[in-house]
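Sharing a structure, written as structure tokens. Questions coming.
By written order: A, B and C. Residues from 1 in each chain.
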């Protein structure tokens, strides 16, 4: 152990013969690294603009949370803890590493601030740090060889397994720690030989163990070992430094930047070009990502930063039903492309189309934009924007699957993907019996209201989903909202249109709706469709604040405006399925649960995958029309999860989830054993409706029970 | 009244069903007419067809030429133009050959052209009033056709009840020598037979469509039997494809195919909106479902509340029995 | 290769609910969405794929009025090089033969190797292609579902015949082909592409410009006239058969026979 971080000049004499060599290695290592990093930066300099320099404080806070405190890592407990341990080790060892490197070329080494007592503490800490890192490496290697976690596996179509490379790198780090510890141990031993006894406070650490076994070694032998340890350390250190940018370990260097520059606005989709406003879109020559160079620099940095941990694909619902999509390989394949086309020597090859070479069309169309991948990634790598950009490129080239062309054309001509007539958009509200229960006004410039209920296409046109609209209207009525709908002036929110790459059509739909919303003068918008919610909140500008009906109900429950009757069947077990665009993308997890909690006698269980780990139902909007290649439907997997949790009723808060759940219940053969219901429908069904005039106990209290026609 | 000719399509020496349907149609134009059959081809097969036709037509015009071994519409058109008297009325079945032959034939004969006729109401002077369908069969339309310079009329197969053969003995008139040398800018090469399973449900007129009510893959056979008996194809709704009981190409619906049949039997199909959206042209829909509250009953023309697993086999048997009886 | 595609604007059957108007003599056209007749769209896509392979140009022509220009623009957004509108008041009321005569006059003004039409439009007539070919004395093939360009001014084509079988033919150029749906997968035409061609000028031709005599087209020349539309008398309404299974089967068979559902 060294006294402080001071490496005594008497000891370093043993290194003197190698001074020139060491200096040369320093020079070689540093310049190679600089060269390599410069070459790695080349594609980023030619890439698309991406403004990520705003809100520095927010960004710094993210670095603190996700980079330094490794916030996402424990989501996979074992790997997470191990990583936190050796990451902490690395951070702690930084100063020491510098000291060791300098020791080879300078007689006296002293790190400012770490002399004397502080230095002693630091020494102990680093001794244990090196030991912990070493043990973590051994554990990690064993884990790769013996336990082989499934998410590391490489499906045949993506190439050979990455195990050998992973173990190679882990082993090198272990060797580095060994070399460092040996250097430390021999340093102490040599000092002891020279009469400078040093207390080794780091009992049972690696340096301690080594030093103990070296107790009786002769000075020359120690000196030689000292020299070897130093040389090994330097060589391995620089080798790793220069090797890292060629593989997944580049994340060591890029992770801080990747987290700093990560996306701040969840739920949004990047514009076609950051430098082009909507009005300038007509002049943009090419939409979307067609070649590698069309990606933005941050997206390229994402490719470099992937640690190949597989957590994204492990949580990707499309991947789990064997669609040809694996987010991990979206990144790895692009990274490999960058490495192959932007080499260390020679000119960059560029301009090759990505679709049809590294990506297949189905791979890109298979994504439901659920966001599970982004939620999981410890390096905050973004996926949805890339998928949308790749889709924009395909749409620009006319390369749209036949199954999607019909609904897109219908959206263009009729404002809804089903091709139904515009004038029928408000028919759900016009059924005679319903009109008597609840009169829904149509709003326009002359007839305004405080609140607009934005229905969106599926809820308006689908016979089954119209019941959600009716329930929502009744709830709004019950809480005394002054509300109305846009009726036939409403067009599809365009949420999926945008995420499927048809930006121009989306802009047309958005502008139409935004005008209609402004014209009706509403101060607030409510919707029962999380996709519409997300669109109005993030994709639309200058519209009033939007709420989801679950939030409205939760507030009303808290304020007492809504009271619920107890459940009819006390044996029913309910489980809540978090819709992706309500939960993960907008963090609305508790309001729906609070609503369920307020229903007396309602038994609720939580599925294993819930909240931000909720499993996508299969997707909404245009995804309902796409014909994926899959082994199973996501919805079927989800209803089986509900069964596993012990539930027989699935509560959703999204009409698309409802479609997928009800379909899945049929396909899975669970008809009669499992039911699906929308939160609004359930709330409407359970609302205690009393006569507004509560008479004196003697008088008859008239209870009107509104029975939902089924 | 101009002479009425019935163009006979034949395969393997046998005239197809439309021959007698067209004869019936001819009667609708002129009740007193004795239409002349006109047949083109070569060799013994042609001879067989002609002799069989003698039982139904008073005159059979035979056009034999080795160039016509395969019915190449381009060549046959040239042959007919040489043989047919001007001002004739020619009836042709509206199918892949008729569509190929007839429009051009009407130009070369300088005759009017009325395609895909489903009913003939009669003559009003020089005008023939017929019924056609438009918009995929959603609507009928009355059409007037000036036949004073002749007409080529294609008749929808199955629209007219075949004329019963009156067991007349007709004469075969050989018109082959009228031909001379004929050649065309289109030459037949070969026919590629479709692989089994290459059924295009979008082109079918009658569909036996199954839903989850079929319950197991093994039960699909009963739908296939019924389809065979009806000359129909089997299609399905999405759950059947998802369960991998049938291929995707059989699926009717918003993420499947859009079909425009004349008759649609929805068997064990609940009638979800995504499925119904794939049925266009307002066909005659028969719904068979054991759930009386299935939404399909709202859109069907005829509904039967019954278990398809029992109903369909019985229906198939009855139809087969009926065919057996009528064939005698 | 110079390819001409004869296209037509039709009510979009997948996005309309077609109903009779109150007078009962036509369909209600007010709420209809129109687009290019679907088989014609396949024809344009096929033409584009051919010139992508062997070079050339694609021209799309339609006979109609101002409203029909939109389909020309859409096909140009898809990639067609030229769009041409043939419009003249005298052409109103033309029957299929009249349209073919008009197109014939246009074809003779140009120099086209290949003329394509969609197999049929919403009237189900499937006539213009065959008539045009006969007027031009070009060889013709209908229901084409594959085209291969051969050396020496010939094509190898396949026609869709019964049972899903394919009839292979060799055909000389110039020729006319009517294209069946499903021959290819038409590329998507996004809003962006359409906006890009929104102001491209589209030349138009009149009867005089084509050197066409009035007697060849228009209402007076029409030999075939649609008089009205009507709904066939068999009423629509879900009739639940309530008899025994045997009785239901009998009744069902009766109905199937009447509706053409029995062989």
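Note that in this section contacts are C-beta pairs under 8 Å (C-beta built on N, C-alpha and C of every residue); 3 or more make two chains touch, one makes a residue touch a chain.
Just so you know, these numbers come straight off a predicted model, no measurement behind them.
> What is the shape of the graph in which nodes denote protein chains and edges denote touching chain pairs (line, ring, star, complete, other)?
complete
> When all chain pairs are ranked by how many C-beta pairs they have in contact, which pair ranks first?
Ranked by contacting C-beta pairs, first place goes to B-C.
> Can you tell me which chain lies farthest from chain B, using the average of the Cα atoms as each chain's centre?
Farthest by centroid: A.
> On a C-alpha centroid basis, what's the spacing between chain A and chain B, in Å?
Averaging C-alpha atoms per chain gives centres 57 Å apart.
> Using mean CA coordinates as chain centres, what's the gap between chain A and chain C in Å?
Centre separation, chain A to chain C: 49 Å.
> Roughly how far is chain B from chain C, centre to centre by C-alpha average, rounded to an integer in Å?
Their C-alpha centroids are separated by 21 Å.
> What are the residue numbers in chain C that touch two or more other chains?
Those would be 14.
> Could you tell me which residues belong to chain A and also touch two or more other chains?
419, in rising order.
> In their complex, what parts of chain A are in touch with chain B?
403, 407, 418-419, 462-464, 624-627, 633, 663, 666-667
> Any idea which chain A residues touch chain C in the complex?
281-282, 287, 395-400, 402, 404-406, 408-410, 412-414, 419, 421, 423, 502-505, 508
> How about chain C: which of its residues touch chain B in the complex?
Touching chain B: residues 11, 13-14, 18, 20, 27, 96-97, 100, 119, 122-131, 133-135, 138-143, 156, 158-172, 175, 182, 223-232, 236-241, 245-246, 248-250, 252-253, 255-256, 259-263 of chain C.
> Could you list, by residue number, the parts of chain C that touch chain A in their complex?
By the definition above, chain C touches chain A via 12, 14-17, 31, 33, 35, 78-79, 185-193, 195-196.
> Sort out for me which residues of chain B touch chain A in the complex.
Listed in rising order, the residues of chain B that touch chain A are 212, 238-239, 242-243, 248, 254-255, 272-274, 277, 295.
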